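Just below sit the structures, each encoded as structure tokens.
Heads up, the next two complexes both have subunit A, just with different partners, subunit B and then subunit C.
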Partner chain A sequence: MSENLAQDFAVTREKLLKVYPTKAARKRAKHMVLNDPDPETMPEIEANVRTIPGIITQRGCTYAGCKGVVVGPIRDIVNITHGPIGCGFYSWLTRRNQTKPIDDNDYNLMNYCFSTDMQEDDIVFGGEKKLRQAVREAYEIFKPKAIGIFSTCPVGLIGDDVHAVAREMKEELGINVFGFSCEGYKGVSQSAGHHIANNQMFKHVIGLDDTVRDSKYKINLLGEYNIGGDAFEIERILEKCGIDLIATFSGNSSYDYFANAHTADLNCIMCHRSINYVADMMEIKYGIPWIKVNFIGAEATAKSLRKIAQYFGDPELKERVEKVIAEEMPEVEKHRADARTRCEGKTVMLFVGGSRAHHYQDLFAELGMRTIAAGYEFAHRDDYEGRRVLPTIKIDADSRNIEELTVEPDPERYRYRKTEAEVAELKAQGFEFRDYEGMMAQMAKGTLVIDDISHYEMEKLIAYHKPDIFCAGIKEKYVIQKMGVPCKQLHSYDYSGPYAGFKGAINFYRDIDRLVNSKIWGYIQAPWEKNPELIATYVK
Partner chain B sequence: MLLRHTDKEIKERVALTVNPAKTCQPVGAMYAALGIHNCLPHSHGSQGCCAYHRSTLTRHYKEPVMASTSSFTEGASVFGGQANLLEAINNIFSVYNPDVIAVHTTCLSEVIGDDIPQILAKAKEDGRIPEGKYVIHCNTPSFVGSHVTGFSNMVKGMVQYFAESSGNKLNQVNIIPGWVEPSDMREIKRLAREMGISTVVFPDTSDVLDAPLTGKHQFYPKGGVTIEALKSAGDSIGTIALGHFASAAAAEALDAKCNVKYEILDLPYGLLATDRFIDSLRRMAKVVVPESINAERGRLIDAISDMQSYFYGKRVALFGDPDQLIALSEFLVTLNMRPVYVVTGTPGKKFEEEMSRVLHEIPEAKFKQAGDIYLLHQWIKNEPVDLLMGNTYGKYIARDEDIPFIRIGFPILDRIGHSYFPLVSYTGALRLVEKILGAIMDRQDRDCPEESFELVM
Partner chain C sequence: MNIRELPTREVTINACKLCNPLGASLVFRGIEGAVPLLHGSQGCATYIRRYLISHFKEPIDIASSNFSESSTIFGGGPKLKQALKNVIDQYQPTFIGIATTCLSETIGDDLQLILDEFNREYRAPGKPLLVTVSTPSYQGSHIDGFHDTVRAVIEQVATGGPKKNMVSIFPGMVSAADLRLLKEVLTDFGLDFLVLPDYSETMDGGMWDTYQKIAPGGASVDKIRAAGRSKAVIQLGRTVRKQQNAAEYLKERFGVESYQLGLPVGIRETDRLMQTLAVITGNDIPQKYQEERGRLIDAYVDAHKYLFGKKAAIYGEPDLVLGIAIFLAEVGVVPVICATGARTGKLGDELRCLLPELEGEITVAEGIDFDDIRTLVERVQPDLLIGNSKGYPLSRQSGIPLIRVGFPIHDRIGGQRILHLGYRGTQHLFDQIVNELIRARQDRSPIGWSYM
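After this line comes the complex of A and B, so read on.
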């Protein structure tokens, strides 16, 4: 990164902070750093703390993280939102987590929205009775495998005990019923909701089905939500490699996959932020090691496949993986080379999510595009600086409110999947278990990193540095484009995709190429605005 | 099948809503507040509400939707949201500098009982509200009514905070357009201009949620009703409130506060409702309807008469918001169509009363307030319809049942046009006619035997 850009960003950082009242400025200053990828000198960034009231944020709430992100994509659970109608309505089909039922008779409850639609009387006299009845009606009509209950803000305040209702109804109906205390005000963002979802799925579903499939390389894919069909593409590649995918948490998933997930021999984490909790817990309880993978980007996909093959250590698998990569890459290369001729050298800013702002840097790099600024919406310090900083992260009151489960090895089912000698050998080869180095280690020195970017900061950043493309979400999309800069939504992919895996990379090259090179950006000014003086001459 | 678990057999539900035909109050308040010039809507609650409402409005308009939040955490939920709101007011005036902050509540702040007027009085006392700037509010508990109620409450709030009577009547008419699109508000203003009438239209989201792309983001676009105009609404000769559910409360409040007489009319969708609107407007403003408007009306009549046979007897299912459904059903009846199933999620006996009036000549018609789209789908499964009209969520039913579908209402997440082309007035009715004919005739072209495939229709 050029020295100039680092200097410019240092100036920008000061300018951005100027507008805020003193207290707000003091807080925001800690969320903005000039990057240094060297772990020795990497700056500390503030993350996962409260958003400042009145400062327009990208963030959503705990309910959104729990119901919307993690549990929502499971197709055969009736997910009942317990609360007034809004929360259920807004999280109804808006997240593009695609699912493909096995056949015409399989469950697919994804297109439905279930709510207790609490009314004033329920708030005043308590909503448990209505909730109980709603669970009964859901069972009676839909006969699902399981029912999840999601608490919205008023539920916790009026003291409805969703867990007690769940226990009762489980008893009454004879199917699994479980609750989530994911009231929107808990925690500081969606992130708290991910943690709550992880805990409850771990407590109530994972481990219920001990059937061990007869296959060689059994893995789970954690933190892959099948936006735009990403999971379909990853499934295709894994199948081609002969790797048996037991469960995906939770894209294109069934309740049954979760119940059986503990029979896998490796957990592969895509979105570290949303799902690392359950990976840790499964390692302690069942002895399943976890590794970080990334299927966003063709190179990253190849690297992740090799990592999985290395873990299993079987030459046959390694060979097959190499064969698949060799088969897939020529088509990728062809499209990349073509798109690169029009995209190379362009600049990118990414402010989104809790892992995407990192993962997509790989894809942009494949196009020769430079990431000059990035940040997450709801990630924690470890997602920026790497898991090495975990011991130094202060646990504040907001995080303490989220339950930490105490997990013990399962007396019957704990079996560490690798011997000590195997682990030592893999480590000697440079294989990293339980590791995520974070976003900043990959970004160039002098680039700008901003956590929980505010609307104001985003707008100024674009105005000062005019990136060729800015990646964010739906609330930001049209602000950015009003400024004449194309925006790629990285939550919804602008209704395109998949972007994961090899075919996904090709889709991404194509979409970025047509977005940054669209003719429309050149037509913003009318001819008479470009040359206004001509009119005066003519009238004279 | 997309909705493979929807069964013909209708089992009684008293607690479970499936596929709602409404959402919650705050999003309506946010939309209404965007119709004030230089106004920042503010959601007093946890930040997820604001994120959801902004996202929904953004997807519907494909436009920036600026709004802020009090970002409650557990602490605020226990100790009350006063500190958060005061801090928010400070930050908003420093960073975003609006003329007005329009606060609406959420179920969270309602349940903990935050007293917004008291907090605003405190903000004023502490000097947090700069000279010449305003903070207004309305209560929008999500567990009462629907998004339409929230819209109505914010519009009423505009009257309560701003309207004044100076004692001198102004030769202008207030028009409360109801929950319609920027295109509709623009069209209502055009009609009044065409008739030579000065108006105060509030809220007014035209030139806010249909802003041009210029290379610069206008945080506050040029549209929206001004504070000055809102103040003057108390001196207008009268108010026309369009849509009982969205607009009546504000008209009544204005009459109570400033003694401005009002008429509540249906939304001017279709021929007859537009006739009543124009007629009321000309009586109230004491003007003669210009020939140009007669010509607009005449073109609509002409088009309907040209194509009348295609409409006749067609069974239609509709869902959405009550004001829209009442006016739309009336228009369908005018076209000799049969609106047989009509469902709104918004509660209110008024809806059923109005539907009984509008649909008295359709004995087989079923309609329901506080219903849901799941029930509507079950009705359709039991006896099919020729056309479905509703928001984007209708496309799942349309595909499963193979029914022609017209997107109308809120939200429309998968098509554009609603922010640019009106549905109100004769012009809007002509657009409805075009859409209905398009849907029906495309179906005929798709399904008819080859030998009866028509060139001229």
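After this line comes the complex of A and C, so read on.
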């Protein structure tokens, strides 16, 4: 990172803050830091606190994180939104998570949006009766394996007890029915909803099916939502390596996989932010260790596969993993080298999600593109600075609001998957359990990190620094493009993908190459705007 | 006319309507220099932004008062006031449109009281105009939010005075291309006008040379003020109820001559609009439109044989459904299903009154969801589906072609530029419909004729 850019960013930071009233400026200042990757001198960034009212945020709500992100992609659960119609409608197939039913008899309920469509009378007199009936009807029509009930804002206020309704209906219908108190206002962002979803899936589903599959290397993949088919590519690679994927939370998943997930021997975490809670709880209750992996980027994929092989320690697996990497990489290399000739040296800004702004830096680095500014939408300090800061994170009213489950080892089913000696040996090899070093450790010194970037700040940042590409979501996409900068949507991939794994990396190189080198940007200024005198000469 | 009973189910499966504050946000963004602000949880603003953006493919900023758990107990007043201050400081808007949500409505926040406090406390110069509307999503649908907001803006901003040579028109929830067409028509009649809302530029603009805090365009506040002095006012949409009809308000409050017309889709309804404008202005219908009408009739003649006796299912916003049904009936297509998720109570009566010859052939359904639309479609087996992107799964499953109109269109590009209105919009719809039917027949043919 050049000294100049660091200085420019310092100036930009001051300019961005100047527009706010004093109090708001003081608050926002803590969310904007100039990076230092050295853990000793890394600055502290404020994250996971309430967005200031009137500051237009990228963030969604608790309901969005719970129903929309974590539970939504499970294909055979009927998800009923208990509330007025908007919330259900807006979360209806808008995340592009894909699913592949195993055969024609398998369920695919992802095309459906179930809602109680509460009306004024329900708000005044209570909606429990309507909810009960809705659950019965949904069961009668679809005979699903399970039904989830999701609370929206007014439900919490009028005091409908979705959990009591769930218990009654479970009794009456004889299938699993569970509720989520994920009212939109509960947390600071969708992050609270992830936590609530983790808790309820842990309480009500994980551990229901003790069947142990006859296979050698059983893992779960946590926090992979199969946007644009990412999970399909990861499944392909794992299968090729002979690794048995018990469950993915929750891309291309079934209720049954969740019920059986506790029989795996390793939890691999993709999106740390949305799913680390359940990994911790499964480790305590069932003795399954977890590690952080990343399948975004060909190098990162190879590294993650090696890490899994190292965990199992079986030379046969290690050999097979190496063989797969050796088979896959030449094709990747070919495309990478070609795209790199046109992409190298270009600059990137990423403001998106709770893990994507970090993971995609690997892919851009493979193209020789530099990430100069980044930030998350709803992550916490540990996702920026690493889990080492966990003990120092302040617990505020909003975090206290979300239930922390007290988990104990299961008297019968707890079995730590590694002996103390094995753990010690792995650690001696530099193997990290339960660790995530965060985004800032990977970013260059002097780059700009902004948490929960506001719409206004983003527009200013683009106007001042004109990156070669800006990655965000659909809400940001069109304003970025209006300013003449290409935008890559990293929530939905602009209808493209997959970007995970080896084949995904090739797709990404191709897409980014097209974006940053497209001719269209050259037409923005009309010839007579570029060179008025010349035109006048021609006309004469 | 078979008026179908509302679904007896309690569970809504794949709704055919969106929520109230979405309509409000879109109306506010059709006003120059305006920022919409939703009083409630931040999720509402985010969801509605992303939904409008995915249709219009344009940015839209919607602020929120970002309720926390404590706001739900102690009221959202302080948060709303803070939000207003921050929006003013960042954007310097000339107008802030504040819409409520189910959250602030359920706890019963008194917006007027909060704004009175704000007005007393906030003394800095350049304070924008603040307009409020009540849009709890447990009432009505996005269409109700849309009409209620237009009416609220007019009620709170329009003033009276000597009449001007100006016409106000409230078009309802139409596309950006439709708004441009209406403005062109009014200009060609030599009129000064207000179109409210006008998001033809704000939600379908060009590239920016320099950074724009608020996308340029929109109905100007001065024009909205002058609405009470219009020589005439037109509310488009026959199903718009009296209490949400802003034209009706201007008539009662300021004595403005008021008309309520159908959306100008098809020959008959477009003729009515043209004739009304001719009466209001005393001018002839411009030659350009007479020519457009001529070309449209010519096309009707050329293609009626491909259409006659075909059946269509239409769903979506009630007035668009009605407009398209009237147009289809003109060209011999029977609108066998006319469905909307909204509840106007008027769609059936209007159809009966306008298309008496089709009595018994049309099933009308209000408050319906897509699962019930599917049941109707399976029973009636139409040749075409006409409506928004949400009907795509049904089209895919049934193999019935879908013509995309209305809102939301998020599986195609250009939803904001679909022209539905006027002779020109009808021409566009007509060509598309005929060609789609020909395509379906061509694809089914064992030979694959490429010559008609």
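Just so we're on the same page, the second predicted complex is superposed on the first by the 532 of 540 C-alpha atoms of A that agree within 3 Å, B and C clash if a C-alpha of one lies under 4 Å from a C-alpha of the other, contacts with A are read in each partner's own complex, and residues count from 1 in each chain.
In the analysis below, a residue touches a chain if its C-beta (ideal position, glycine included) is under 8 Å from a C-beta of that chain, and two chains touch if they have at least 3 such contacts.
None of the values given here were measured: they were computed from a predicted structure.
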Exercise. Give one word, clash or fit, describing how subunit B and subunit C relate on subunit A after superposing.
Key: clash
Exercise. Examine A:Lys460 and indicate which partner it touches, taking first as subunit B and second as subunit C; both and neither are also allowed.
Key: second
Self-check item: subunit B versus subunit C as contact partner of A:Ala339, first or second or both or neither
Solution: neither
Quiz item: Touching A:Met32 in the superposition: subunit B (first), subunit C (second), both, neither?
Solution: neither
Quiz item: After superposition on the shared chain, which partner residues are touched by A:Asp104: those of subunit B (first), subunit C (second), both, or neither?
Solution: first
Quiz item: So, A:Ala441: does it touch subunit B (first), subunit C (second), both, or neither?
Solution: neither
Practice problem: State whether A:Cys153 touches subunit B only (first), subunit C only (second), both chains, or neither. | Solution: both
Self-check item: Shared subunit A surface residues [contacts with subunit B and with subunit C]
Solution: 19-21, 24, 50-64, 80, 83-92, 94, 111-120, 122-123, 130-131, 133-134, 137-138, 141, 152-154, 156-158, 184-186, 189, 397-398, 401, 454-456, 459, 473-475, 477-479, 482-484, 524
Practice problem: Would you tell me which residues of subunit A are touching subunit B in their complex? | Solution: 19-21, 23-24, 50-64, 80, 83-94, 104, 107-109, 111-120, 122-123, 130-134, 136-138, 140-142, 152-154, 156-158, 183-189, 397-398, 401, 454-456, 459, 473-475, 477-479, 481-484, 524-525
Quiz prompt | Footprint of subunit A on subunit C - complex, ascending | solution = 9-15, 17-22, 37, 40-51, 53-54, 57-59, 61-72, 79-80, 82-87, 89-91, 101-103, 106-107, 136-139, 141, 205, 207-208, 210-213, 393
Quiz item: Taking the complex as given, what residues does subunit A use to touch subunit C?
Solution: 19-21, 24, 50-64, 80, 83-92, 94, 111-120, 122-123, 130-131, 133-135, 137-138, 141, 152-154, 156-158, 184-186, 189, 397-398, 401, 454-456, 459-460, 462-463, 473-479, 482-484, 524
Practice problem: Using the touch definition up top, name the residues of subunit B that touch subunit A in the complex. | Solution: 1-5, 7, 11, 13-20, 22-24, 26-27, 42, 45-49, 51-56, 58-59, 62-77, 84-85, 87-92, 94-96, 106-108, 111-112, 141-144, 146, 211, 213-219, 345, 374, 393, 396, 413
